[in-house]
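Note that the chains take the letters A, B, C and D in the order they are written out, and that residue 1 is the start of every chain.
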Amino acid sequence: MPGNTFGSLFTVTNFGESHGPAIGCIVDGCPPGLALSEADIQPDLDRRKPGTSRHVTQRQEPDTVEILSGVYEGKTTGTPIMLIIRNQDQRSKDYGNIVETFRPGHADYTYWQKYGIRDPRGGGRSSARLTAPTVAAAAIAKKWLLQQYGTTFKGCMSQLGEIPIAFESWAHVPENPFFAANTTQIADLEAYMDALRKDGDSCGAKIDVVASNVPVGLGEPLYDRLDADIAYAMMGINAVKAVEIGAGFESVVQKGSVHGDEITPDGFLTNNAGGILGGISTGQDITVTIAIKPTSSIRTPRQSIDKQGTPTTVETFGRHDPCVGIRATPIAEAMLALVLMDHALRHRAQCGDVKVDRLVKA
Amino acid sequence: MPGNTFGSLFTVTNFGESHGPAIGCIVDGCPPGLALSEADIQPDLDRRKPGTSRHVTQRQEPDTVEILSGVYEGKTTGTPIMLIIRNQDQRSKDYGNIVETFRPGHADYTYWQKYGIRDPRGGGRSSARLTAPTVAAAAIAKKWLLQQYGTTFKGCMSQLGEIPIAFESWAHVPENPFFAANTTQIADLEAYMDALRKDGDSCGAKIDVVASNVPVGLGEPLYDRLDADIAYAMMGINAVKAVEIGAGFESVVQKGSVHGDEITPDGFLTNNAGGILGGISTGQDITVTIAIKPTSSIRTPRQSIDKQGTPTTVETFGRHDPCVGIRATPIAEAMLALVLMDHALRHRAQCGDVKVDRLVKA
Amino acid sequence: MPGNTFGSLFTVTNFGESHGPAIGCIVDGCPPGLALSEADIQPDLDRRKPGTSRHVTQRQEPDTVEILSGVYEGKTTGTPIMLIIRNQDQRSKDYGNIVETFRPGHADYTYWQKYGIRDPRGGGRSSARLTAPTVAAAAIAKKWLLQQYGTTFKGCMSQLGEIPIAFESWAHVPENPFFAANTTQIADLEAYMDALRKDGDSCGAKIDVVASNVPVGLGEPLYDRLDADIAYAMMGINAVKAVEIGAGFESVVQKGSVHGDEITPDGFLTNNAGGILGGISTGQDITVTIAIKPTSSIRTPRQSIDKQGTPTTVETFGRHDPCVGIRATPIAEAMLALVLMDHALRHRAQCGDVKVDRLVKA
Amino acid sequence: MPGNTFGSLFTVTNFGESHGPAIGCIVDGCPPGLALSEADIQPDLDRRKPGTSRHVTQRQEPDTVEILSGVYEGKTTGTPIMLIIRNQDQRSKDYGNIVETFRPGHADYTYWQKYGIRDPRGGGRSSARLTAPTVAAAAIAKKWLLQQYGTTFKGCMSQLGEIPIAFESWAHVPENPFFAANTTQIADLEAYMDALRKDGDSCGAKIDVVASNVPVGLGEPLYDRLDADIAYAMMGINAVKAVEIGAGFESVVQKGSVHGDEITPDGFLTNNAGGILGGISTGQDITVTIAIKPTSSIRTPRQSIDKQGTPTTVETFGRHDPCVGIRATPIAEAMLALVLMDHALRHRAQCGDVKVDRLVKA
C-alpha cells in the first residue's frame, strides 16, 4: 500500500493539501449500525482547529466536516464513510518565498528530493493541517469503542519548551489554550509563548495521552504488537521525534524487581508497562508520552540553499503555529483511538469478540 | 494481515516458538540476482546468539541458519527465501513453574487472556528468541542495501541500568560483551552485571543505532513515514518501551532556531532531525535510540496470581538474560535495515530508482 | 483491508452510493510528474455514463469528475488524487417498493443479511453506478501506461443475449450504442433490445477486452499472478459470472501440441495463452472475455419474500439498464488497466524498471 | 505484499521449488484452540500427491507434512503454523535440456524475462508441485469451517479433453483416478489417457467444485467480493484459463426472468447465482467451474528459441502429468476453502460472528 492509508481493518485513507480545495478521508471497515452524524465528529475537530487563541496560527478555518457516504438514516451501513472538510482560508501568496528555497527542519527539502515536484502552498501535503481528517476519522472509532467497551481517551500537555507542566487535574484541560491539566502555570505558559512570538522563534512540547477501559488482549505479536502500532501512529504525527509507553526511558534505570507490575486478585499494583505486555493490552490504562519538535517555519533568519544549490537565507513569514505541540493533544488521542479500533477488529477476526472483564487497579 | 509479517514489499513472515523444533522465516520480495549463501547471514546471527558470555542466558544454541529456497546456483531468484534455524538446547522442564502462574511484567498474562491457550515452554512465541529470524532476514537486506547504495548499519549500548556508557569509538563495540563503544568502563559493567545476577534481579539498557549512506527520499507520507515505520519496528522488539529519532526528547527544549538543521551547499550543519524530515530521509545518518526494560524472569519473589485468580508468589529459575538489552544491539540494527529495505523498494515502485547523490555533512 | 480498495501499490479507494450526494475515489501511489487534468479522465466517464441511448437507463448524470487533490500546476505530485463525481439525478422515490422486499438475483438480500441494514435507494452501494470512480481512476493508469510503455486498451461486446456479434473492425466500436465491433448486425441488436424492454425483461452479454503493448514480466507468482488478479478484477465487476483468459474454456479440448504457443525469433506464432504464462505477461496481447448476467431489476413479476419472510411478488419499476452489459466495455477495459498499472509498479519495486523489448507476433 | 502470500486475515505464505530440499508454508491467523495434528492434513495431501496412477507423473513423493510451530498439546495457539514437506524424489538431470530453451506454453520464458534468472529444475517455482502447501493449509481452514459452520467442500472432473463426463454420484469420485463422479465412462477415460501418453501429447480438463453449508454474508464489496476472490484463487491455480461461478457463460443467454433465483420462505428455487449475489454469499451452495489447459511439457517436438534467441526444437522428456487437470480437483477445493476461511474472519472483524441460519433450497 502507498503511505496514505492508516490501519488494516478500520482504515483511513487521507487526501488533500493545505491550500487545495478540500481535505478529507475515506473510513472503511466501520461496523454497521453505529448511529453517526456530523455532530459526533465536529467537537473533536473543533478542539484541533486553528485560530482559537493567539498562541496558534491565525488561519481561520471552521473545519466543518460533511459525511458524503456510508450513513443511511443516521446509521452506518458498513460501507465506506467519506468525510470532507473544505478549505476556506487559503492565502497561497503568503508562501511565495518558500517556493524556491528549503526551510531548515522542514519537509520542503525531502518532498522535493523524493518526488521532484511539490506543492509549496502552505506546506502542501506535509502540512499538519492533514491531521484534521485523521481526527475526524478517529471520532468514529472513539464512539464505537465507547459504546462497545466503554473505552475513553484523554490527553494533556506536560511540558512546553523548557517548562514542565504539573499535572493537577484532567478537568483543567479544556479550560486553557494549551491542553494543560493545570491552572496555576497558565499565565507562565502565556508569557512564554508571547516572548517566543516576539522573538520570531518556536518551541517544542511534550504530550501525554491515556486510554482507559481498554479491552484485554488487543495486539498481534510478533510484529504488529499493540505498542509497535502505537509507536508507528504517534511517530507519524507531524513533528513528533520520540515516543514512550508506560515507564518509557525510565525503564532503563529500573530493576526488574521494580519494573514488573505485580498482580493481585484485585488488579495490578503498578503500571510501568503502560497497559501493554508482550505487545498485547493488559486491560490497564494505556499511557503514552510523545515529544514534539519546534516548528520549522520561523521568522528568525537561517542558512539554507535554493533548488539550484546556491546558499541563501530563509525567513518564514505567513501564519504558523509557534508551537505545533499546542494543538497536538487531540491528534495524539485520535491516533491512539485509531490503533485500538483497528486492533479491536483484528482481535474479533481471529479470536472472536474481545473481553471486557478487566483486572485493573493501578 | 495477521501480525507475524514485517514489511510491505520486502516481507519477513516469522514462525516458531522458543522450545519448538525450529524457528525461522520466509523472506519475500528480495530482488533477484543477489549473491547469497548462509555465510552472508550467519555472522549477524552469531552476534545475537545466546551463551557467548556469562552476562547472557546460558542456553547453548548455535543458531545455524539454512536456506531452504529462493537461491539457485548462489543467487537469489526473486522467489521466497526460506530461512530455518533448528532449536537444539530446549529444556522445557525448566519452565514447569510458569505454566500455572503469570510472571509480573511478562507476556504470560496477556497471551493467556488473548488466546485462551499458550505455549509456556521458554515463553513460547513471546520469547526474544524469535528475534533470530528477523536478524537473519535483515542480513539479506543489509547486503542488498550495501551493494545498491553503500548503506551501512552500526549500533552500541549507551546505558546499562544506572550506568551511562561514554561513546569512545565504534571500534570497541565488538571487543566487549555489551556492544559498548567503550573500553574504560567495561570492568564496571561486568561488576554491575555480576552483582545483579547475584541478587537475582535484572536491569534495563539504552541502545543507539545508526544507518549511514542512506538514500534520499525514502518514506511514504502521510502515514507510512520512514520515522513512523522505524518507531513501529523498534517498539516491536521485545522489551522496548521508548524510541527516539534524532534529538528525540531533547527537541522539546530546543528552540526552532536551534533545532532546524541549517543547510549549506556542502551539506547539513547539524542532524537534530536524525536524518528524517516530514517522514522522508534526508540522506544524513539516521539516528535512533531505544529504551529496553529489565527482564521480567527473575529469581526475586514477586506477587502474582495463578490461572484461577488465586494469589501466589512467583520466582523464576531456569536460564534467562539478566539484561535483554545486552543482545539487543544487532536486533535494533536489523530492524532498521528491514525498514530501509522495504522503503527502498516502495520508493522504486512509485518514483523509480532512488537517489544516492546525498547532501551530507553533519 | 476492508473491501473497498483496489490494488496494492496503485490503489483506488472507492466511496459512495447510487443516490447519495457524491461518489468518487482516492487514487494513491500514482507516480509524480504525470501531466493530469480532468480532461484526461472525462472521456472515459462519458463512454460509461447513463442516458446516452434508449437501450440504457434513462437516469441523466453528466458524471463530471473533479480532481480535489494530488495535482499541482497540472502535474501529479505523488500524493493522493481525490476524484469526486456529484450525483445529480437521484429520484429515490422510484425505489420505494424495493425497501421491504428482495429482488430475485439482486444484492438486496445479501446486503441485508450481511450488514443488517442497507441503503435501498437505487441499490445503494451495490449499484453498478459505483464503477464510475473505477473508470475515472483507470484513466490515470491508462495515461501513465501509454506514456511509459505504449500500452493501450480496447474492448467490444461479442454477444448480446442469444445473438453472437461478429467481429468486423475495432473502428466500429464507437459508432453504435453497444460497443460492437460491427456494423451489419446493429439493427438486429436494436430490435432485440426494443423487444426486451417491451417485455419488461433483461438479457446478458459477453465482452472481450484486449491490452496491447504490454511490458514483459508483469505478475507476481505464486498467488498474485497477473491472470489471477485479472480474474479478480473482472469477476468483481457488477453482474460478471465468468472470466476467460486467452483460449479460456477452449483450452479444455485443445491438445498440448496445439495449445502451447510456439516461439520463433520473430515472435509467438499463436496466442492461446492470452499473453500470460505462469502468471507473468509474455508481452503479447492480453485477451480476456467475460460473461455478464441479465439485470435483476425487471418489470416481470417474480416470487420473493419480504424482510419478515412472508411470500410476496416483486415487479421493479424505475430506471434500469435492461442489459448492464451494454455499458460494461469501458468498465472491463478500466479494470484491466488498473491491474496492469499495479503490476507495473510491483515489478519496478522488486526487479527494477520493466522491459519493453517485446517478442510479439501473434 | 510480494506475490507469495494468499489471503488477508487467514494467510498462507508459500515457499519452495520443485527440486529444492523442501516446500511448505506458514499459515497465519488461524483461530486458537482448534485441535490439529498432521493427521488432519495428510489425507488432503494424499489425494493430490503424484504417482498414484499411471495417468499422472511417476515422481514418487510421499508428501508427508510436518507441523513445526503454532500447535501446543494438540491445539492451535493462534500463532503461525509452519507446515513443511520435504522433497524426496528430485532427479534434476531429467530437466537438463530445458535449461537453455523455453517450452512453448510454459512459464520458462516469462520467469526468465521477469527475473533474469530461474531455477530450471522441474520448473522450479513455477511447478504445480507448489500447490501442495496450499492444499495442506486449506486442510486447516476446512476443519475450522466444518466445526464452526458445518461447511463442506467437494469437487469432480466434468470433462477430460474432448470427453464430457456425466455426473452420476459424488460417491464415485474417490473410486477412480480422475476424480470423476461417474463409473460408466472410466474405461473410456483410461483409454483416452493411454492413447495420449503414447502420442506424447497432453490434454486439458474441466473441474467443478462446490461448497455447501456456507454462512450467509461472506464477501466484502466493492472490490473484495467473494466471487472476485474466488476467481482470483481459481485463476491462480497452475494451468487454469477460465472460471465460472453459478450459471457462468450460460448467464449470457438467460433472460432476467429466468436467471434471477426466486425466493420463497423455504428457500431459493434455483441457484443460477452459484451462491453469491452482489459479491456476498447467499447461503446456497457456491458452485464453481474451471478450465485447465493441457500440460506444456510434452514429447511432441515444438518450435521455440533458446536464451540467445536462436530457433530450436523442444521435446520434453522426464516425468510430467499428461493432464494436470487430473490432480486439480483437491487443489480447487482447497482454494475455495481458503477464500471462505479468509472471508469468514473478515466478516467477524467488521460485523461480528456470521449467520448460519441459511435460507437454502435449490
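Heads up, the rule we're going with is that contacts are C-beta pairs under 8 Å (C-beta built on N, C-alpha and C of every residue); 3 or more make two chains touch, one makes a residue touch a chain.
The structure presented is a predicted model; accordingly, all values stated were derived computationally and were not measured.
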Target chain D, source chain B, minimum contact steps: 1
Which of C-D and B-C has more C-beta contact pairs: C-D
Farthest chain relative to chain C (centres taken as mean CA coordinates): B
Chain centre separation (chain B, chain C; CA means) in Å: 46
Chain C and chain D: spacing of chain centres that average the CA atoms, whole Å: 26
Two or more partner chains touched - positions in chain D: 1-5, 8-9, 14, 29, 32, 78-79, 114-116, 125, 221, 346, 350-351
Chain A contact footprint on chain B (complex, rising order): 1-6, 8, 14, 102-107, 109-111, 113-116, 125-126, 130, 159, 161-162, 196, 201-206, 216-225, 227-236, 238, 240-249, 251-265, 269, 272-274, 276-283, 291-296, 298, 300, 302-305, 309-311, 346-347, 350-351, 355
Complex contact set, residues of chain B against chain D: 1-5, 8-11, 13-17, 20-24, 26, 28-29, 32-33, 68-70, 72, 75, 77-82, 114-119, 124-125
Chain C - residues contacting chain B, complex: 9, 29-32, 78-79, 221, 345-346, 348-353
